[in-house]
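By written order: A, B, C and D. Residues from 1 in each chain.
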Amino acid sequence: MANFKGHALPGSFFIVFGLWWSVKHPIKYLNKKNKGLSRFNRFYQRLDLIEGITKAVFALVGILAEQFVPDGPHMHLVNGEDHSWVKLMNWQHSTMYLFYGISGVVDILTYLPLKVPVGMDRLFLSLAVFIEGLLFYYHVHNRPALDQHIHSLLLIAVFGGSISIMIEVFLRDHIVLELFRSSLALLQGTWFWQIGFVLYPLWGAPEWDQSDHGNIMFITMCFCWHYAVALLIIAINYSLVFWCVSRRKQLSGDVTLGIKKLNGNHAEAQTSLLAESEED
Amino acid sequence: MANFKGHALPGSFFIVFGLWWSVKHPIKYLNKKNKGLSRFNRFYQRLDLIEGITKAVFALVGILAEQFVPDGPHMHLVNGEDHSWVKLMNWQHSTMYLFYGISGVVDILTYLPLKVPVGMDRLFLSLAVFIEGLLFYYHVHNRPALDQHIHSLLLIAVFGGSISIMIEVFLRDHIVLELFRSSLALLQGTWFWQIGFVLYPLWGAPEWDQSDHGNIMFITMCFCWHYAVALLIIAINYSLVFWCVSRRKQLSGDVTLGIKKLNGNHAEAQTSLLAESEED
Amino acid sequence: MANFKGHALPGSFFIVFGLWWSVKHPIKYLNKKNKGLSRFNRFYQRLDLIEGITKAVFALVGILAEQFVPDGPHMHLVNGEDHSWVKLMNWQHSTMYLFYGISGVVDILTYLPLKVPVGMDRLFLSLAVFIEGLLFYYHVHNRPALDQHIHSLLLIAVFGGSISIMIEVFLRDHIVLELFRSSLALLQGTWFWQIGFVLYPLWGAPEWDQSDHGNIMFITMCFCWHYAVALLIIAINYSLVFWCVSRRKQLSGDVTLGIKKLNGNHAEAQTSLLAESEED
Amino acid sequence: MANFKGHALPGSFFIVFGLWWSVKHPIKYLNKKNKGLSRFNRFYQRLDLIEGITKAVFALVGILAEQFVPDGPHMHLVNGEDHSWVKLMNWQHSTMYLFYGISGVVDILTYLPLKVPVGMDRLFLSLAVFIEGLLFYYHVHNRPALDQHIHSLLLIAVFGGSISIMIEVFLRDHIVLELFRSSLALLQGTWFWQIGFVLYPLWGAPEWDQSDHGNIMFITMCFCWHYAVALLIIAINYSLVFWCVSRRKQLSGDVTLGIKKLNGNHAEAQTSLLAESEED
């Protein structure tokens, strides 16, 4: 779908995942030393399962949308008459979604008691991102300068993300890597929207001059601004989670304190000790 | 051998190794905590020895095939008459096989009590793959666009494999890396066959238009599909191994249980404990 | 500010930071096993805070200078009349400073009791350096050969620094990485000055021939000499810090010795033991 | 010195170092668990010192040779008459030697009780190799195809070595990395000689056709053969060291056995135990 919607759809998927990760990982990180491990671990595993299912569903939606839009290939690859390829662009996009779908399925399998090796989910996510980058890299040959440039900037986010996720295979649960991944997902998402706006102007906005050097310079800078905004969103989400977790700890600390107090004064020293240890 | 067979031969070698690794490494991984270490270690070392010998033999077959096919160089490098090079293509292929042969020899040496440093076998395999990539990289200059493109895609699998194996020098017995290596070997193998089919169509199939952009786009996508299939094969093999190992554990667990039961009821509690610990 | 000052300003910032790091990190490294941990840690945290504030202030100065110099954009991005971009060069430079500013803010936040994950400050510094490199990379298209070459050498220092700082996310407080970072900051700083001198000759010096191959060869070599000087400065600063720390240890050792001696002769054996242990 | 000698000189330096490392590191590795640590450590530190001095002396010889050969620049950089550069090629070569000299000086400083951080020697060696690669990279612009190609192959050995040595900063005393470094040094050395033979044929040998594609293909393959030979030399040296160390252990074991036997039969059991433990 070489139109606005074809960029808005994957862009939205990436934004959803970027936002979701920027909330999920800080929650896990800030709760780490806080609670009974087993209960929380089961909770997070269920979250990972839901994430995997969502990923697979999104990928399926993407594949179906690419195949069965009115001007799509409808699962035909070769034109019977003149042996030419049918709508290769849509097929390439379907392929991208396919690998994200595979990654989602691996996430689901990881949840099942199948002894999928630790790190396999990250490997498949990294591969999905890499395949996306590979297809994009050969996608934009013979296009106008601005089109090539705006896609090549996307590749920085894509391959950066792929490398970063590959490192997570070995350094699992590293909060810095996880937040970095979130920020790159957000960047990719908003940049997809930006590509849509630039290449397929909406509401009768004027076309961009594809060969103007000023436009290319602006787009480079604009990419950096997108990332600054992505980092800001990550920071805000992290702060909100921090505030919520601190607040809940304080409350539960007070409750514990209150209950204990009813047991009489002789337990006071221990109680305050407990409350303190839960606050830090 | 710039023909179909010259691509099918190495392709088959890589498929054999990819399949073999995708079975060997899961067996080792899933049996790790299960049995007496010493007996299994000796078994795996013998497997590695056989693997090394196979590698060396395959390489020798490759070298001999490249040198002594009817239109091969028959070990002549320089033409005596006009001082020109003789069949450099075949010589380059022989060189590729040579390094895989060296890697096989190092595998064999590792088995002998020679104190070859741990990781040396991986280093030499990584170097063999790198040399293959290096020769391919300079191989395809001045070729038609499709020919270059289809070989440059191969390079992704080759250099990806080389880097991944190099990491195994430092992170030995990392199942994710090992399965990744298996998948890249499979990809290389099937892609060699694909190159053969595209560049030297069999059974009177029509020639591919080497400069058609559609063909190049399809080939890029086709490469991704090959990898999806490779990943699927890895997943199936892993599942089969998992199923076999679980089944055998269950059986041997039952047997242990049965034998113990004969010893009388007083040992029951310990028996069930043992059976449980062997099941997880 | 495509003039001498526009290169001297950031150059000076980098030199200040390079010098500062080449003193700060050796002090921390050489004092590590020496003193009470808690007092020194608080001292170093305060240093990091001051560093963060300085970074943010420098970045703000840079942004304001780029925006409000007489021929700057004064915060206008689009020319209202013909919808053309206003002074994109200055906007790009402002964007570079912006990311250094963000890095400074993250340094400050790390000081506050907000549980900013360890390594976040390094990640943001690495990103700031990367963004600088990214903007420079697309900055120099369509420029004369010498101009491109002199900027592409800068990119080596920039991307080398970015990678090195990214490794510090995982290997924190690694003195070799820290000194390497210092040396690359110094190199960047002096090279900015060099670019200024070459592209905008001062005091009526003759213009450089932008297409002369000899000039390009000299500039390559000159870059290496800059780095040799940077390494020399790092070595001198390290030696000075080493000398100061050793001297102070010796002095405090003598004082301890003196005080102890007053306590009488019976403590002599222990005293000398103590003095020795403080000297090594 | 763009002639045969100018390539043979550095080539010989690299061969000497490659051979030396391929003996030194196996000795250290194979003796590791064998002897009193302190005596051997002092011995190896002295070896490192000698290595550093040799490196510095070689570098000095190189610089002097490049500067004061009859057609050298004799320390003049700018021609006073027409403000042109004097013999930039020789100056670039001097710069390469300079960084190896610095690396040698750092090796010497590491020996002195100056608390040079561990890994600094590797960092400076890595930098010296990188600078060599950098200068070579910009060295070969505007040269014939074969000249460029033969130098670009050299860059693979150079940058590969630089990365490998950089990893040694973090993974010190890793025998695989050390042998890999040795092999790359040997490769560089023999390749320098090869470049000399190809570009400046000796004894009236015919000139190579610089644009013949066959020559380029042969040179690529020849590079691989050089590496195969380098690996073979490493393997032989390792085996020789292994044989010597085993032999000496056996002898000293026998001696220990003999001496102990004189002490009477009652100590026999312990003696044989000792001899065994020294043999494995």
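Note that a residue touches a chain if its C-beta (ideal position, glycine included) is under 8 Å from a C-beta of that chain, and two chains touch if they have at least 3 such contacts.
Since we're looking at a predicted model, the values are computed, not measured.
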Open item on the list: Just to be sure I understand the contacts, which chains border both subunit D and subunit B?
Closed with: none
- [ ] Over half of interface residue numbers shared between subunit A and subunit B means same, under half means different, so which is it?
- [x] different
Open item on the list: Using CA atoms for the superposition, what rotation angle relates subunit B to subunit C, in steps of 5 degrees?
Closed with: 180
Open item on the list: Based only on mean CA positions, could you tell me how far subunit A sits from subunit D in angstrom?
Closed with: 46
Open item on the list: Roughly how far is subunit A from subunit C, centre to centre by C-alpha average, rounded to an integer in Å?
Closed with: 33
Open item on the list: Residues touching two or more other chains, restricted to subunit D: which are they?
Closed with: none
- [ ] Throw together a list of every chain pair that touches.
- [x] A-B, A-C, B-D, C-D
Open item on the list: Using the touch definition from the top, list the residues of subunit A that touch subunit C in their complex.
Closed with: 29-30, 149, 156, 171, 174-176, 179-180, 206, 213-218, 220-221, 223-225, 227-228, 231, 239, 242
- [ ] Sort out for me which residues of subunit C touch subunit A in the complex.
- [x] 83-85, 88-89, 91-92, 95, 98-99, 102, 114-115, 117-120, 123-124, 127, 131, 134-135, 138, 141-142, 169-170
